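Shared chain: subunit A. Partners: subunit B in the first complex, subunit C in the second.
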Partner chain A sequence: MRKSSIIVAGALIGLMSVALVKFGNPANMGLCIACFLRDTAGALGLHRAEVVQYIRPEVIGIVIGAMGSAMYFKEFSARGGSSPLTRFVLAVAVMIGALVFLGCPLRMILRLAAGDLNALIGLAGFACGIGMGIVFLNKGFSLKRNYKQNTLEGSLLPVVMMGLLGLLVIAPAFVFFSAEGPGSLHAPLLISLGAGVIAGVAAQRTRLCTMGGIRDAILFKDFYLLMGVGAILVTAFIGNLATGTFALGFESQPIAHTDGLWNFLGLFLTGWGSVLLGGCPLRQLILSGEGNSDSAVTVFGLIVGAAISHNFGLASSAKGVTANGQMAVILLLVVVAVISVMNLPMVTEKAKELKEAM
Partner chain B sequence: MAVIDTRGMSCPQPVLMTKKAVAGSGLTSKVEVLVDNAAALGNVTRFLKSAGFKNVDASPNGDDTLIRASK
Partner chain C sequence: MAETYFVATFHTHAGALKFERKLKALNEACKLLPVPRTISSSCGVCARFTYSDFRSLAFEDLDSVYLVVSHEYQRVWENEVC
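== the complex of A and B ==
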């Protein structure tokens, strides 16, 4: 892939994110995979936080766009079977961390581009979490290989997304739509869906990943993906300046809190988990569009993580972090640490030896 | 010559496996890497070029792709 393509992809995503807010999405939430999967979980009644319930067409568009692009370029390949349940648990952790911070890594970039300095602390946490994950990658951490699956297995998440689009259009009584709060704020359906498709194609072609950008820079001194992330930041920053939505500071930032420690730790957890999963929430959507059913399981983990977050009072709000959220982050850091250690070759091979000796 | 089979591995493992093989054998001037997805193909190719391999080419190998590189 050429450097120019990933810069164009990042720039497109940055500009569309600012535009989506102009068209009606919540502030600094033009695109946020964690928030949008959370809203979708709410719309399906998996949680009952009334202010965050809406089937977000952007998410549907991203998966469909990635699938169309992968098929067109003959890159669609049904694969799976690489520790699916471990991935599910990691995804729950990634989502809970993101909702303590209030946004996935993509929204962290968008918040930063709008002058929200709390996101800078989130970025520091995210980068340190990635560093932690890299320690385990360098020691040989692996969720083991995947295998070829039949085409249906690789197509099911895109099919589910089409089903969600159907529910959004038909809007049956059992689907919840927020009457107020962030869930009630959204761009028109076709604009959201179209922006999602464009983002899906752009990210599929370039492998854009917010976690991968920092990971590859540290691990391989490879700045290809980071240039895409940089392009999102720069164009969204310019877009925010142009539309008057840039406001520098910590206080009174939209859908954000100022608790530095938990902004840091929330995204630390998300960064660490994302390294083990091999991609940020955006990248998981793209991979699931390419037929990767491990990533599809990860997306379901993210959705369930969002439901748990709101049902158990873990998610933060503009008022701040909750005590339950703090406990959950600490508990999940332990869980992610155990997963990190248990999948090291020195542990898995030792276990094999012991089994053979018996 | 080092031969690395990265099939089934998701990124960044194909690159890490290549890196380990290239660094581990010290004077490796030839390497072959078998990859089974486009992302790994791009990442491993980019890594090999940055690691000083001048001739890097990829050819289809059944359903997979074989990357041959030499210094």
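== the complex of A and C ==
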């Protein structure tokens, strides 16, 4: 794949993100996997934060686009069975970290492109978290390999996404839709869905991954994926300048807080967890569209993590970080550390030897 | 003369490290890289090497081995446990 492809993919996603805000999405939230899964969780009643409830068509489009692309290019393959429950727990941690920061790594880039300097601290935390994950990768961390599964197993998440699209169109009374707040702000359905499909195809073809970009740069001095991330940043920056939505500074940024320590630690947790999972939240959506049921489990973990965040008062708001959110990040850093250590060969092989000796 | 080498893909990152250790124990050169987009859509890591008796090093986490000639990838080995 030529380098120009990933730059084009990143540029498309950057421009669409700015355009989606113009069409009605919340500020600096043209595309945010964490926010959109959180809104979807709210729409299904998994949490009752009334201002963040809407089935986001972008997420549906990304999965369907990735699936269509993978099938067209004969890359769809149902696979899974690589420590699914551990992945679920890691995904919960990744989501809670993202909602303490107020955005997934993709929104972190979009916030930065709009001049939100809090995102720069988030980026530092994300990169350090990735570095921490790499330390364990280099020591042999492994969630063990996956195996071929039947096609239905790999198709279930896209089917669920089609079901969500049906619920969005029919809008039955049991689905919650925000009347105010970020959840009430959205681009028209077909525009959101179309943008999601384009993003899904582009990311599937190029393997675009916000975590992978930094990981490969640190591990291999390979900048292919990072160029895609850079293209998102540059085009969204230009788009924000052109549309007058660029405002440099820490204060009064849309759907953001200024608590540097927790911006750092929130995305540190997200970065560390993403390395162990093998991809950022966007990449998990793409992989689940390609038939990876481990990534599908991860997506459900992200959704449950969002529900926990709002039910237990962990998610931050423009007012700042909550005490519960701070405790959750510390607790989950310990959980991720335990998962990191317990999946090192020095631990797993020792346990295997002991079992064989008994 | 066209450059010829092998590229191995793995089911896990740890598998790539193990393969690298096995080659280095034989004093064979091995470089870990991101998997080229042309042979896999995974987000993983691959090993580039020239050791032709790679079959003797096969283990569960080794996925496939490709022979690369003039940037063309030809799969020459695939793990039976898929």
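Everything that follows uses one rule, which is that the second predicted complex is superposed on the first by the 358 of 358 C-alpha atoms of A that agree within 3 Å, B and C clash if a C-alpha of one lies under 4 Å from a C-alpha of the other, contacts with A are read in each partner's own complex, and residues count from 1 in each chain.
In this section, contacts are C-beta pairs under 8 Å (C-beta built on N, C-alpha and C of every residue); 3 or more make two chains touch, one makes a residue touch a chain.
Everything numeric in this text was worked out from a predicted model, so none of it was measured.
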Which of subunit B and subunit C A:Val92 touches, first, second, both or neither: neither
Subunit B versus subunit C as contact partner of A:Pro345, first or second or both or neither: second
Touched partner set for A:Ala256, first subunit B, second subunit C, both or neither: neither
Partner chain(s) touched by A:Gly212 [first = subunit B, second = subunit C, both, neither]: both
Partner chain(s) touched by A:Met108 [first = subunit B, second = subunit C, both, neither]: neither
Contacts of A:Ala315 with subunit B and subunit C, given as first, second, both or neither: neither
Intersection of subunit A interface sets (partners subunit B, subunit C): 1, 75, 82, 137-138, 142-143, 145-147, 207, 212, 216, 219-220, 222, 224, 278-279
Residues of subunit A defined as touching subunit B within the complex: 1, 73, 75, 77, 79, 82, 137-138, 142-143, 145-147, 207, 212, 215-216, 219-222, 224, 278-279, 292, 294
Complex contact set, residues of subunit A against subunit C: 1, 70, 75, 82, 137-138, 140-148, 204, 206-207, 209, 212, 216, 219-220, 222, 224-225, 278-279, 283, 287, 290, 345
Residue ranges of subunit B touching subunit A (in the complex, touch as defined): 7-13, 15-16, 19, 36-39, 42-43, 46-47, 50
Residues on subunit C engaged by subunit A in the complex (per definition of touch): 11-15, 17-18, 32-34, 36-38, 41, 43-45, 60-61, 81-82
